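Structures incoming, each one as structure tokens.
You will see two complexes here that share chain A, one where it goes with chain B and one where it goes with chain C.
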Partner chain A sequence: MNVNPEGAKTCSGGGRGGLQRFSLAKAAILLATGLAFSVGVALAAGTQVYNPKTGQWTNYDRTQAYKYYRTHKQVPESFRMQVVKFRTAEQPGTIIIDGNQHFLYLVQPGQKAIRYGIGVGRDGFGWAGIVRVGRTAEWPTWTPPAEMVARDPNARKWAKGQPGGPDNPLGARALYLYEGDQDTIYRIHGTPEPWTIGLDVSSGCIRMNNDDIVDLHSRIQVGAKVIVLMQGAALYKGV
Partner chain B sequence: MTIATNKEFSARRTNVLRLGSVLLAAVASACTSTPTPDQMSRTAVETAPADLQLLCANAAAQAGGVESSKVLPTSSRKLDAKTYQVDLNVGGKPVSCTVDTEGNVISV
Partner chain C sequence: MSKWQSFRMMALAASTSLFAGAGAQAADLVIAMPNWSSGQATANILKVALKKEFGVEADAVEMGTLIAFAGLNSGTVDIHPEVWLPNLDNLVKQYVTDAGTVAISPVGVPAWQGICANRTAADKYGIKDISDLSDPKKTAAVDTDGDGRGEMWIGAQTWSSTSIERIRANSYGYAKTVTLLEMPEDVGMAAVDAAEATEQPVVFGCYAPHAVFKLHDIVRLTEPPYDPAKWQIVLPSEDPAWETKSSAPVGWDTAHYHIAYATALRKEHPEIVKFLERVDFKPEESTEMSYALQVERQDPYEFAQQWVTKNDARVKGWAKP
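Take a look at the complex of A and B:
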């Protein structure tokens, strides 16, 4: 296992930054109410969560997700780590990512899997394929790819790498996904923005709550097979 | 034989309507199922569960004599309450598969 590898260029979520930055974004949205409405409608096509109190499904966009997390200090129950039935011929230890439904499964013996909630690539950044865990890191350094440095002013200051830590977009652990011996630049990693689990927010990386990625990291082996399912993927890897 | 007065008839009709309302409510609640906690999220794209998609992929790999690492589900949809269709890329060729909610592959 590598700890804080240097020079590892990685994808990362769009909208980097913590609560402060999100609050600013929210304030801007509130000011531009017309725009906010159209943005809300656009996001409404995404995730919904069931409210047992009202018996209704409600849209779960970035604003709702942040409100939910602030109120409950955790993500909705569906996106929390849990053991589920999983009928498969894949070997225990295989990671299966359902990008459309925002779940990551770690196959267990006895037709079971541990299911975690994830955040995935936003429109145009989703991908699918069959890859493997090439290496892992604890509190990894994040180095944005050149394209991200070019399009995101917030990424520019970390062009040479942001050290690992609680504000680092890769969070507590990273699993580096390889196609053969080639780094795909995609990772499964933690996040300092746990409310984004269940949403399409990243630049193609798979993000998890820090507690969940620490748990997953402790259970997997380097070399583990990773199957990424994503209807409407913009890119295919390893097939 | 007695002839019901207007008042009695009205009372009976009210009772029948109340009974009907109760039955209607019972039927409606039975039809509106509450999801279990692990199923309290969904997306606009209703895809087949991941395990069913991969059961199809495994069946297609066996049927086509292809390594399972060369078979990837690319899209899926619900056909009816108990059946999904899964589109696969099998070594570069498109293949369609149907699977039921119990995990039985019906056709490849």
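Take a look at the complex of A and C:
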């Protein structure tokens, strides 16, 4: 276990080396990510959730998400941690991130996976490829990038780093994604805003509920293979 | 890394794990073992069968294809279990045709490549033929970024086949309706896994034998058969204007992979040469082998022991018909 020694910079930078980097999509498609909750998904529509009581798909934007969470004290069922059937040639312990559907899979023995809901970047990740968990941290420090400090007065007070804690944007745990020995600057981390799971809201990182990131953190090994799929808003631009 | 990836790389990388030292010298024969799963299985099956049927000790030593051929030529390697043709035609010309130091078994395992869809894409969205990829109403089903165009993984950036898939997409016309993605194979296959886990449609470049056919219910898109007159391929390494100079509105030609052996074996072990030229693995067996090693993570040697026991009569038929 590492306590983050240098602060966790946010995910506004680009991937390097073998990572596939994509240019940003135009704003018109930012909310156009199809999201599946069950068989027969509304494709290429805005993020939606399926209401089994009414049999209707309903839009799931930031306002809806906040309302849902306030009412139910948790995210919609599809985004909650659950064991699912997952047939793959990848080894148990591998993490597969599907930004399009807002799911993170941790491969388990027996062709199963633990599936967690995630929030992803406003413009998708902007990258895809194969990385690994280079290190981890509990209650990591968050250091806003210089451009955020310049534009956001709230970030300015943390220019030298916000200590870990319940209000810290990185939440309870952070998994630092490395390509070889290089920090990609992307992280899988917790969040003090659990209602944002299932949305495209972050700055390119992968965010999870604090309970989920604590669970994931307890199950993975440093060095774990992480596959970030191509799917997701903006990921295909520039290919 | 798959066998396809290894063979398809524009420059075949030489393995650093050449010859395992004392072990290789102690054995009667050396089998070059590829780094892909079916090749590892067949190398070990040959090792077990040679011991069982002929009392010959063989070491299966992992090495790259270029080094394996150099070893077959120089006498430090005796057998290679999977030589893909026409992918390695240049090596065959060098060592089989010109030098005469390497021989290829006449028995080949047929291999296939083309475009695949999962059952959801085929049955629910009607993507069953290559022409369906040119129908934007159908390919919208595999749009995952909301721009209205579908996406399709066509291979790794390092594969020469990926350029050919791009040529085929241009020639058939679906390059206009589908965004073609190039990423490492693990990313492409994990995307298929994720689509299957949520019953989402997906189409992708694929080849067989491959474990994906046993992992998932995969449909091969139908398309016009290979026609050499219409297969005009110029690779990026040959001409910067390769895309405009190429055309291939037809399916791939069938590939085959064969056992190769050093021709010196004909004098030293003629009975083994006859055995090697009778070995006839089937494509579905290669898929099973890939699945056992790659997905079930069985030990290659233990898998081979079980395989030889289970197929005893067949192995005996190869050895002493």
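In this section, the second predicted complex is superposed on the first by the 189 of 239 C-alpha atoms of A that agree within 3 Å, B and C clash if a C-alpha of one lies under 4 Å from a C-alpha of the other, contacts with A are read in each partner's own complex, and residues count from 1 in each chain.
Definition applied: a contact is a pair of C-beta atoms (placed from the backbone, for glycine too) under 8 Å apart; a residue touches a chain by one contact, two chains touch by 3 or more.
Since we're looking at a predicted model, the values are computed, not measured.
Q: Does the superposition put A:188 against chain B (first), chain C (second), both, or neither?
A: A:188 sits against neither chain B nor chain C.
Q: Give one of first, second, both or neither to describe whether A:172 is in contact with chain B, with chain C, with both, or with none.
A: In the superposition, A:172 touches no partner, neither chain B nor chain C.
Q: Just checking: does A:103 make contact with chain B only, chain C only, both, or neither of them? Give me first, second, both or neither.
A: Both chain B and chain C are touched by A:103.
Q: Thinking of the overlay built on chain A, is A:213 touched by chain B (first), by chain C (second), by both, or by neither?
A: Neither partner.
Q: Does the superposition put A:198 against chain B (first), chain C (second), both, or neither?
A: first
Q: Return first, second, both or neither, reflecting whether A:227 touches chain B, chain C, both chains, or no partner chain.
A: So A:227 meets both chain B and chain C here.
Q: Tell me which partner A:60 touches in the superposition: chain B (first), chain C (second), both or neither.
A: first
Q: Would you check which partner chain A:76 touches, where first means chain B only, second means chain C only, and both and neither mean what they say?
A: After superposing on A, A:76 lies in contact with chain B but is clear of chain C.
Q: Counting only touches as set out at the top, which of chain B and chain C does A:91 meet: first, second, both, neither?
A: Only chain C is touched by A:91; chain B is not.
Q: Which chain A residues lie in the overlap of the chain B contact set and the chain C contact set?
A: Chain A residues touching both partners: 45, 84-90, 96, 98, 100-101, 103, 105, 113, 115, 128-130, 227, 229, 231-233, 236, 239.
Q: Could you please specify the touching residues of chain B with respect to chain A in the complex?
A: Of all residues in chain B, those touching chain A are 32, 34-35, 37-45, 47, 49-55, 58, 68-76, 89, 103.
Q: Mind listing the chain A positions that touch chain B in their complex?
A: Per the touch definition, chain A meets chain B at residues 45-50, 52, 55, 57, 60, 76-79, 82, 84-90, 96, 98, 100-103, 105, 113, 115, 128-130, 198, 225, 227, 229, 231-233, 236, 238-239.
Q: Using the touch definition up top, name the residues of chain A that touch chain C in the complex.
A: For this pair, the touching residues of chain A are 18, 20, 25, 29, 31-34, 36, 39-41, 43-45, 84-91, 96, 98, 100-101, 103, 105, 113, 115, 124, 128-130, 227-237, 239.
Q: In the complex of these two chains, what residues of chain C are touching chain A?
A: 140-141, 143-148, 151, 153, 179-184, 186-187, 189-191, 193-194, 196-200, 211-212, 215-216, 294-295, 297
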